[in-house]
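Going by the order they are written in, the chains are A, B, C, D and E; count residues from 1 in each one.
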Amino acid sequence: EAKRLKFATTTSVANSGILSPLLFEFKKKHKTPVHAIITGTGKALEMGKHGDVDLILTHAPELEHIFIKKKYGINKKKIMFNYFLIAGPLSYKPFLKNENVLGVLEKIAKRKLKWISRGDNSGTHIKEMELWKIARLNPRGKWYLSSGLGMGRSLIMAEEKNAFILTDRGTYLSFLHRNKISLRIIFGQKDPNLLNEYSLIQINPKKHKYILHEEAVKFSDFLVSNAAQCIIKNFKVKQVALFNPASTCISK
Amino acid sequence: MGFLSDGIIDALSLIINFDQMVLRAANTTIQVGVIATVVASLIGIPIGFFLAVFSFKGKKILVVLTQTLLGLPTVVIGLIVYGFLSRRGPLGFTDLLFTPTAIVIGLVILAIPIVVVFSYTTIKTVDLRVRETAFSLGSSELKAAWTVIREIRYEILAVILAAFSRVSSEIGIALMLGGNIKGFTRTLTTAIALESTKGEFAFGIALSIILLSIILIANLLSFIFRKL
Amino acid sequence: MGFLSDGIIDALSLIINFDQMVLRAANTTIQVGVIATVVASLIGIPIGFFLAVFSFKGKKILVVLTQTLLGLPTVVIGLIVYGFLSRRGPLGFTDLLFTPTAIVIGLVILAIPIVVVFSYTTIKTVDLRVRETAFSLGSSELKAAWTVIREIRYEILAVILAAFSRVSSEIGIALMLGGNIKGFTRTLTTAIALESTKGEFAFGIALSIILLSIILIANLLSFIFRKL
Amino acid sequence: MSFVFNNVRVDFDGLTALNIHDLKIPKSKTTWIIGSNGSGKTTFLKVLAGLIIPTAGTLTYNLKELITRKNYKEYRQKTTMLSQEPYLFRGTVLKNVMYGLQNQKFTKKESKLRAMKSLEHTGVAYLAKRDSKHLSVGEKKRVALARCVAIDCETFLLDEPLSGLDEKSVSQIANLISKLSQLKKTLIISSHGIEKFRDKQDLCIQLKSGEIENSCKEINQSIE
Amino acid sequence: MSFVFNNVRVDFDGLTALNIHDLKIPKSKTTWIIGSNGSGKTTFLKVLAGLIIPTAGTLTYNLKELITRKNYKEYRQKTTMLSQEPYLFRGTVLKNVMYGLQNQKFTKKESKLRAMKSLEHTGVAYLAKRDSKHLSVGEKKRVALARCVAIDCETFLLDEPLSGLDEKSVSQIANLISKLSQLKKTLIISSHGIEKFRDKQDLCIQLKSGEIENSCKEINQSIE
């Protein structure tokens, strides 16, 4: 069997649909087939540690930092970003209106409004924990449910339970557009605290002899290339852009 | 590889330290599994008996369909029951979604085809003379059925145990209908799934050792029951 | 609720339009499922026969352990095999991780306890006279074993079909060891799982209708085989 | 009249195993069913036991119509049959003999006493505590016979109660049969040839290919 | 000498079913095993067939030690036994009779011919195409007997070949037995009491509680 490049990525990236146009473009110029392994952030990092994939595309800066510090990964490249948002029942929107995401969280915690936390060490979950910490809140009690589910299923749980939730924009919009949920954006501003960055990390070839280093470099270079960045910029679901390219796309 | 041995050590330390989360998850697993198995057996064994013993029109089709239902993925059962229990669904008013009861409902649906198919095959192998003998000694239809079941009680017990194993090791239903809510609907299997998505493989293995111990104990208890 | 009827419509349109993704996933499901079932049967039925027919020290323990293995969650099998096939694992050099072969390995491990336990229970119900008669008519040990299996061939077939159903409806192993790579290791069940995380319940139901149709066809084929 | 046959026919996919136009079997008498292998003796008895429902015809029991699809289940509980190849249930011999008694009005204690008495009648009381699955063929037959005659009922159907028994047991069972007939039980017994100990007042029916070939008297004459 | 017993004992959890100190069964002769129910006849034959391994003692076949745990499997293939309660395999009667032949050197065609001939010998050739699961008890026994004697082998062990058969069949089987004995086969046959058609040169062993009670001659005298 021919060599194949494997990269592990999270469900939210896969479910957004961005992979298809990117891989299609890559295929035009490169022979090596690319296999996207779809899994959770934690698992993706674990696969990287074991050297079972050549690259990982994740959105957990802190974990990625440790990953590189421990020399499991090299050559981290920011690929794209967007902002997390807080979704919840529409009726609370006026009450929770605030300029700052921390203010919103404070009100939710004070009133003990139902909150769904993913509780799965995913990028989103880590971001949520970070936010509570910055807001100096310690969410605990019956109102705070730790679902242990993926983003999509957690959104559905929030819908069923009329609860609030921190979610990535792509998954939220895709569920909203397909009428799976009626939760509205409670806080959706470009608050730097809500930044959601996707980065590509190559697995350190010195740790594992089987890593396809050359091909990985090519793929990594491709994703930050103008062509790929433009695909990211122009990728839209129902006329709404889901991701911002990390570097600028210069249209020809 | 190392996570296999790590898992065993983790499992031991969890058990020894009576880890709260693990205890609650194990408790939920056992409760939900036992109730679902009992309900499915009470429904499934009579159906299996009926299919095995009586002949009627459309019986073959019924058997084939039940056998096919063995292939219903747990996620799909989860989806279907979700459709009923969801707030938008016809049983939304019950507010059962994301409760242990919802898991039980799904598990019963999972277990019924298993119990029906295997009790059917088992009862079919019973000597036809058992029922004839029962009748010729003055038994009613019901007593004769009971006599047949008694003749293969160990095999039926094996079927029930298999259903229990299946039910307590599945993930899709518990995840979809229970919601994996910590301390409430988190079972050992959904905890395992969660740990595995977190990349905490050793901890996942540890939890599954605890799960297997529960199933092992159920099997051993059945052995004691046989001795009685 | 609407997603049930939507699912049926979706399924029909997918089948009629020969959707590429679905066809490939169905193809992978069938290939992987059939190979795993055949391998597991070839290994499991002789073991089941051995356990049912011969008595030896430690047999009961072996039976209980195999029964317990019925409760091994698929995620765990996935994790364990992953540990072996991972680059760091002892079989890392084979580069089998994230291939259909890796899925087959996991599925075989899932199916063997099923085949062993149920062929064991089934073979145990066979009249002892079958083997005695075979011997007293000059059969070798092997021919006698074959004779026993032939006497309950339909029940054994039911066990094999059950194993096939189980194997082709599981998710954890295919996800963990296959990696759910589109067009390569994506099976119908991993596709269903993915659709369900997207909230695309109707599409998930559609895929599972296709999966159930495959299992139904396998069951019907077995009926034709019985007629032969 | 105990049983009245009216054009009773039993077909097994194409093969007519029994075809009896007109027959009356009297109450409180012993009737022997004889005939060669495959002549329909077992089928005959199973019809009377309610275990086979005739393909056509009617059968009346004590002047009530009986073997219709509706009420044969009810009737089936009233006769007792010894099968030609008896099946013993799992458990001890004693438990087997008590089985039928516990379907009746007897308490557990009474059942036990009655069962032990019955086992004595067939000469196998010493087997009472043995596991029913580990008996010799003749022992099994005698246990099954004990299980059958232990029951308090009007009609006993015995399918070859004597085959496979040793000489001593044969005369023991013969005694038992005449004792039952003295108690005015209706006995219908299948057998090969004409057993020597058959009573002269007994009736007999000879079957051939499912049909009645000889009625009782002719055969009785042929003995003398 | 065909079989030589030396302190052969068979125990079934605590119960001694067979206990034979010293016995020789000659080649090419017919030996009858008689005794009451539970006396150990079936156990005796099963030991000879290699189906039961004795708890203690040695058994020699044609001067080779045979029933040890090592070689009994090999030996088991050399004798043929009719079981007291025969089991017919799924499938037609003919297929059943051909079963043993296909373990031997015969081609399919030869097997078929031989099987049909054997069925004729036991008077059930007309059943050849019938489903083996739907036979009367006597028919089943005769099919099993045909299946047994169809095989080309030296020693035949027949466990009550005559019980449950009708009179005509009994004499037919008696003929078959004497034909086999003329062919110098070693026949060992269990039976109740002393069958009238037994040949005067035949040997016999009477068992009681698993032990030999009478040797042949005494019983032979008691017939005369």
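The definition used in the following text is that contacts are C-beta pairs under 8 Å (C-beta built on N, C-alpha and C of every residue); 3 or more make two chains touch, one makes a residue touch a chain.
Computed from a prediction, not measured in an experiment: that's the story for all the values here.
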With one step meaning two chains touch, work out the least steps from chain C to chain D. 2
Intersection of the contact lists for chain A and chain C: B
Among the chains here, which has the CA centroid at the largest distance from chain D's centroid? A
When the C-alpha atoms of chain B and chain D are each averaged to a single point, how far apart are the two points in Å? 45
Chain A to chain B, mean C-alpha position gap in Å, rounds to 36
Cα centre of chain B to Cα centre of chain C, whole Å, reads 18
Chain B and chain E, separation of their C-alpha mean positions in angstrom: 50
Show the residues in chain A shared as contacts by 2 or more other chains, in ascending order. 39, 150, 153
What residues in chain E touch two or more of the other chains? 85
Name the residues of chain C that each touch 2 or more other chains. 86, 88-89, 196
Chains touching one another, given as label pairs in label order: A-B, A-C, B-C, B-D, C-E, D-E
Note: in the complex, chain C contacts chain A through residues 86-89, 92, 95, 97-99, 175, 179-182, 184, 194, 196-200
Going by the contact rule set out above, which residues of chain B touch chain D in the complex? 127, 129-130, 132-133, 135-141, 143, 147, 150-151
Please name which positions on chain D make contact with chain E in the complex. 12, 35-39, 41-42, 84-85, 134-139, 142, 160, 163-169, 192-193
List the residues on chain E that touch chain C in their complex, please. 49-51, 73, 76-83, 85-87, 89-90, 99-100, 103-104, 147-148, 151, 153, 157
In the complex of these two chains, what residues of chain A are touching chain C? 1, 6, 8, 11, 14-15, 35-39, 50-52, 150-153, 155-156, 174-175, 178, 180-181, 208, 210
